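Naming follows writing order (A, B, C, D, E and F), and every chain is counted from residue 1.
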Amino acid sequence: MRPSGRAADALRAIHLEPGFSKHAEGSCLARFGDTHVLCTASVEEKVPPFLRNSGKGWVTAEYGMLPRSTHTRTDREAARGKQSGRTQEIQRLIGRSLRAVVDMAALGERQIKIDCDVLQADGGTRTAAVTGSWVALAIACRGLVAAGRIPATPIRAGVAAVSCGIYKGTPVLDLDYLEDSAAETDANFVMTDNGRIVEVQGTAEGAPFDESELLELLRLARHGIGELSLHQQRALEAA
Amino acid sequence: MRPSGRAADALRAIHLEPGFSKHAEGSCLARFGDTHVLCTASVEEKVPPFLRNSGKGWVTAEYGMLPRSTHTRTDREAARGKQSGRTQEIQRLIGRSLRAVVDMAALGERQIKIDCDVLQADGGTRTAAVTGSWVALAIACRGLVAAGRIPATPIRAGVAAVSCGIYKGTPVLDLDYLEDSAAETDANFVMTDNGRIVEVQGTAEGAPFDESELLELLRLARHGIGELSLHQQRALEAA
Amino acid sequence: MRPSGRAADALRAIHLEPGFSKHAEGSCLARFGDTHVLCTASVEEKVPPFLRNSGKGWVTAEYGMLPRSTHTRTDREAARGKQSGRTQEIQRLIGRSLRAVVDMAALGERQIKIDCDVLQADGGTRTAAVTGSWVALAIACRGLVAAGRIPATPIRAGVAAVSCGIYKGTPVLDLDYLEDSAAETDANFVMTDNGRIVEVQGTAEGAPFDESELLELLRLARHGIGELSLHQQRALEAA
Amino acid sequence: MRPSGRAADALRAIHLEPGFSKHAEGSCLARFGDTHVLCTASVEEKVPPFLRNSGKGWVTAEYGMLPRSTHTRTDREAARGKQSGRTQEIQRLIGRSLRAVVDMAALGERQIKIDCDVLQADGGTRTAAVTGSWVALAIACRGLVAAGRIPATPIRAGVAAVSCGIYKGTPVLDLDYLEDSAAETDANFVMTDNGRIVEVQGTAEGAPFDESELLELLRLARHGIGELSLHQQRALEAA
Amino acid sequence: MRPSGRAADALRAIHLEPGFSKHAEGSCLARFGDTHVLCTASVEEKVPPFLRNSGKGWVTAEYGMLPRSTHTRTDREAARGKQSGRTQEIQRLIGRSLRAVVDMAALGERQIKIDCDVLQADGGTRTAAVTGSWVALAIACRGLVAAGRIPATPIRAGVAAVSCGIYKGTPVLDLDYLEDSAAETDANFVMTDNGRIVEVQGTAEGAPFDESELLELLRLARHGIGELSLHQQRALEAA
Amino acid sequence: MRPSGRAADALRAIHLEPGFSKHAEGSCLARFGDTHVLCTASVEEKVPPFLRNSGKGWVTAEYGMLPRSTHTRTDREAARGKQSGRTQEIQRLIGRSLRAVVDMAALGERQIKIDCDVLQADGGTRTAAVTGSWVALAIACRGLVAAGRIPATPIRAGVAAVSCGIYKGTPVLDLDYLEDSAAETDANFVMTDNGRIVEVQGTAEGAPFDESELLELLRLARHGIGELSLHQQRALEAA
C-alpha cells in the first residue's frame, strides 16, 4: 500500500500550466502532486564559443531549489557561493534530455536556456523539470516560427521523464518524498513520446537489484511517460 | 499620465496570498501588479554565534531573483558563485525592516529566516518583499504561540514598504518597471502601521531633489503603506 | 552632552589633504576626527562594456577597510575571498553620489575609478569617503583639462556627505563611533554644495522615527555639508 | 570492427596493481588499456557530522584528472577554483557504488576517503576508478582487521564497473576514447561480483535506444564485470 | 650611477613612525623613500587549532597593496575574490621572518597578527614590511609586559630586511622601482641585528649569477640591515 | 648519521623516466628516492595577453599534490576551491627557473605549460619538479624542432634543483622528509649545468645561520646539481 493510496502504476495529479511567466519566451509550471517546478525557456541570439560560426544552436539548462521548497530549509546556493554536485548532476541531465530531441541545425545559431526552479519539493523534482521544460522549450520554438525566424520547429519528438522505484518490495511509479526516502531501488527514466529511451539511471539504495526488476521499472516508466506525453500535448495546445 | 493609467497616489493591484508554501512555517506570495515575490519564514532553534546564551532571538533575510523573472534573462547567482551588491543591499534592508518591529527577547533564543524569491519582476521587488515577509513572519510567530513555544507574538507592530518617485515631474506612488527606469528620483519607504518611519532611502537618479519633494514622497508613502497594512491584516486573518 | 563635548551641530575636526598619493591622478586623505580615509582617483582610457562607443564616460568606486582600522581587527576581505554586503553597499553609494554631479558626455569615453581605503575608523567612514573622493575626482578632472584631453571639467557641482543621528534623544551632526553605536536613529545625507539632496538614507536603529525628526536631521546635514563644501574648495585650491 | 581490433565482448588489457602508493592505507593503480587511474584509500577516525555518535562509518570518494592526462591539456580544477559538474557526478557515483557493498555498522565510526586520480585518460576513467577503488578499499579494511581495530572486514561483496556502448550499430564492451566519442549510446554499469546491479546509467548520445538494446548492453556488462572481479581478487591476494 | 644619485651602498631615506594607528596594539608606518607600508600588530587571545593547549603562541602576517599604491592601478584583491601568488609569497615571508626571533613559549597561548598594507609602492615593499612589522610587534609585546600578561618580551633579537641587486653590472643596496625593474639579479635578505641570516632569496632576472656575486650582495645587505636595526631601536624608544 | 644512512653529499636514488605520459608533448617522471613527481609539458599555440604580437613565447608552470601523496591525507585543492600559498610559491619558482634558460624569441609566439603533479611525497618535491620539468620541456622543444616549427631548440642551458640543509649540525644534500622536518636550516638551489645560480632560497627553521654555512650549502648544491645534470642528459638521450 502506497502512503498516498495510489495504485502502483498511478502518477500523481499532473498539471502542466503553460505561460506561467510573463517575460519568458516559453514557460510552464509543472506540478506532479506537491512537487512544483517553474520551467522557463529564454532565447538568446548567441551560442557558446565552441559553436560560433557552425550554423548550429544549443539548448542548455540550469536547476535550482528555493531554500524553503524543502521540508526543512536548505542553504541558498547563491549565498554559499557554489552549486552542489546534485544540482549540477540534475541540470546536466535536463540539458542532455532536451538536446536529444532537438535538431540543432534547424534551430540555427542561437541558444535556448532552460531554467528549472523548484518552488516546492515532494520527490521527483528532476522528472517534473524535464517534463515541464519540454513544454517551455516547445512554446519558445513555436514563437520563433511565428516570428519567422525559423521555418519550422526544430523539435523532433516529445520527451518526458518519470521516476520509478521499488518500495517495500513492490515496483511503483512516480515516487513522492515519503516513498523516495524509503525506496530500495530508485530509477529515473527519460523517454520519447514513442517509447524509446533517452536516459536511464538506476541506483540501488539498499540491496542491489537484478535484470528482471530493472525491466519491471522500465515498463512502469513507459506507461507513465505515455500519460505525461498527453499532458504535454494538451499544455502545448492550450498555450 | 502614468503608463498604467493609475492615479498618482494609487497602488497597483495588491494580492497577499498566505500559505502559498506547504513546508514553510509561514509564507506569503506578495503580488504588487506584475511583481510577484514568494516570501517564506523558517523557524530554526539556533541563533547566530553572537547571540548564543543571550536569551534573545534573531530575524534575518535572504533575497534572490529567478533568472527569468526579469525582462531579459539575468545570470543565476548560484552559477556565478556570488550574490551581487544589489542582492546583498536588498536582503540587508529586509532583515533590518523586520527586526525593527520584533521583540527579540520575547521571540526567545531562536532564529527566523526569511526567504524572498522573486518569481516575476516589474519594479518594486524589495517593497513587495518587505510587505509579504511581514505576513510570513507573523504567521510563523502565530504558529509558535499555538504550539506553546512562546506565550505571545513577539511582533510589536506591522511593517510594510512602498516605493515612490518623481516621474515626469510628478510624485507618484508604487512605481512599476516602466516608471522606475525613467524616474528622476526614486525613494523606498519602510513604515510601521501607525505611520512611523523605519527606513527611508531616497536617490536622485537625475537632478538632485529638495526637501519639499522629499516630503511629498513621504506623504504618498504614508498613504500607500496605510493601504498595504490593511492588506496585511486581511491576509493574516485569512491564513 | 556628546562624548566628545561637541555642540549638537558641530562637525569633528575636518582635514582634507590633497595629493597624499604620489601615483594617483587625484588623491585626498580625508580626516573627520579619528576617521581617516585615503581616496584616490585613477583615470583609465577604457569604459565598461555597456558604454563602448557611446562617447560617454563613467565614474565608479571601490571601498575597503584595512583590517586593523577598526577597534578590534576585522578579517581581510581579500583573504576571505569576498567583499561583505556592507562594503558593497558603501561602494555603490559612493559611485552613485559622484556620478550625480558628473556630466558623462563631457568626461568623454574614459573611466575614473575611485578607491576609498579606510586607514582608521571612528564612525562615518562612508561620509568621509564621499567627501574626500569628490576632491580626488576634481583634481583628476583638472589634470585632464590641463593635459588638453578635455576642454573643461565635467563636474557640475560639489558633493559631500555627512551623517546625523538621534543620540540620547537629541539630533546631532557627524556621529563618531561612540555615538554611532548608541544612536536611536542614524541617517546619511549626500548633498550638493547648493543644498540639494543627492541621497538620503535613514534607519531606525531603535524605535521608528517620524517626519519632524527626519526634517531636523536634514537641517543639521545641510548645515554640516555647507561647511564640508568650504573644506573641499580650500583643498582643491591648495592641490 | 573496433579501432583496437578487439572482439565486441573483450575488455582492454586490465592491470590492477595494489600498493602503488607508499603512504595510503590501501592503494591500487588501475589500468584499463591506456586509461590509468591511481586509487587510494585513507582511513580517518572521524565521521561527517550527520553520523557522529551513530556507531556507523562512511565511505566517500573524490575524483580528479591530471591536467595533461587528456589528449589536449585540460585546465587544472584547483587553479579554476571549482570542480566541474562532470567531476562531481563521477565522484558521487564512485562513493555510492562502494557504499552499496559496505556494512557501515561493521566499519565502526570511522571514515574511509577514496581518491581517484586519473594519470592518463583513454575513455572509461570512471569505471576504472570504481574497479580500482574497491581494491584499495578492501586492502585498507584488511589493514583495520590486521590491526585489531575491527573483527572482520565490513565489505559484503565485490563491486566493479565497466562501460558498454553501441558503436557503429554494434554493442561493445569497455569503450576506449575513440569508440566513446563516436558511440550512439553509452552506458556505465556497476555490478556486484555475483552479477547484481548497483547502478546503471545509460544515455542516448545519438538516437534514443530501446529495451532490447539496453538488455544487450547489460549482458555485455555482466560478462565484463565477471572478468574484472577475478582481476580484483587476484590483486587483493597479491597485495 | 643610480637613478636616485645614491651611492651603491646607500639606503633610501628611512622613516619608521611608531604609533601611526590609534587602535592597534602596535603599529609602525615604514617609509623607505617613496615606499610606504603601514604595519600593525593585533593581539588575539586565541591560537590556531594546531597549537591549542600547547602553551605556545603564534605570529602570522597578512600583506596587501592598496589598488592605487602602484604606478598604474592594480585590481583590488578583495574584489577579484582571491589573493595573488605574489601576495601569499610575501605574507608567508613576513610571518616566517618574525617567528624566527620570537620565543613562542614565552609569548604564551596567544596570537599576534601582523597586517602590512602598502599605501604607496616604489620597490622593496616586502623588505619595508618586515622591517616595520618588527617594530609593531615589539611595541605590542612591550604592551603585554606592561599589562602584566607576560613577564618579559618574547622577542629574542631584532630582525630587518633589505633588497640588493645587480643594476647595470654593479651591486647596489635597497633598490627602488626604477632599479628593481631593470636589475639583472634581485635578492632579498632578512637578517638579525647581530648579522645572522634568517632568510635569503636570490633570483636571476637576466643571466644566472655566481657565488662571488651572491657574496657581494650579502655584504651590502649586512651593511644596510645594520643601519635599519638602528632605525628600529630608535623607533621603539620613541614609541 | 643520516636516517637513510647516506653520506652527507649523497643524493637519493635518482630516476628520470622520460615519456611517462602518452599524450603530453614532453613528460618525465622524476623520482628522488620516494619522492615521485610527474612532469608534463604541453605546447599551446597561444600566448598570454601581455605577449600577443610580440613574437615571443612563454613558459609557465602549475604544481599540485595528489591528496594522498602525503603521510596523512591533505585536502584536495580543487575541492577546497583554492590553491594554497605554498602551491603558488612552488609553481612560481618552477616557472621562473625554466624561463631563465629559455630564449623566448627563439621559442616563437607559443606557450609551453608545465604541470608538476606529486604522486608521492617524501621531501624535496619542488626540486624534483624543477629537475624533471626541464627534461619534459627539452623533449617538447625537440619535438617542435623535429616538426619543423622552430629551427633549433630555444633552451640555452640545463637547469636542475636540489635542496640542502643543516641536519643535526651537519650540512647535508637532498633532504628526505625525516631530515626536512627536523633541519635547522633549509635551502633550495636552482642552478644551471655549468654551475651558475638561477635561484637560491635559504630559510632558518631554527637558529639563524651565517655566511659560512650558506657557502657550505651552496657547495653541496653545486655538487648535487652536477650529478642531476648528468641524469637529465641521459634521460633526454633515452627519450
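Note that in this section contacts are C-beta pairs under 8 Å (C-beta built on N, C-alpha and C of every residue); 3 or more make two chains touch, one makes a residue touch a chain.
Everything numeric here is computed off the predicted structure, so don't read it as measured data.
Chemist: Spelling it out: a chain qualifies if it touches chain B and also touches chain E; which chains qualify?
Modeler: C
Chemist: Which number of steps is the smallest that gets you from chain A over to chain F via touching chains?
Modeler: Each step joins two touching chains, and the minimum needed here is 2.
Chemist: Indicate whether more than half of the residue numbers at the chain D-chain F interface occur in both copies; give same if so and different if not.
Modeler: same
Chemist: Mind checking the centre-to-centre distance between chain B and chain F? Centres are C-alpha means, answer in whole Å.
Modeler: 59
Chemist: Taking each chain's centre as its mean C-alpha position, how far apart are chain A and chain B in Å?
Modeler: 33
Chemist: Please report how many Å separate the Cα centroid of chain A from that of chain D, as a whole number.
Modeler: 28
Chemist: For chain E, give me the residues that contact two or more of the other chains.
Modeler: As it turns out, chain E has residues touching two or more other chains at 81-82.
Chemist: What order do the chains sit in around the ring if I start at chain A and move toward chain D?
Modeler: In ring order from chain A, with chain D immediately after, the list is A, D, F, E, C, B.
Chemist: Give the list of chain A residues in touch with chain D in this complex.
Modeler: By the definition above, chain A touches chain D via 82, 84-86, 88-89, 91-92, 96, 100, 157, 191-192, 195-204, 207-211, 214-215, 218.
Chemist: Provide the residue numbers of chain E that touch chain C in the complex, in ascending order.
Modeler: 21-24, 27, 34, 38, 40, 42, 44, 62, 64, 66-73, 76-79, 81-83, 87, 113, 115, 117, 119-122
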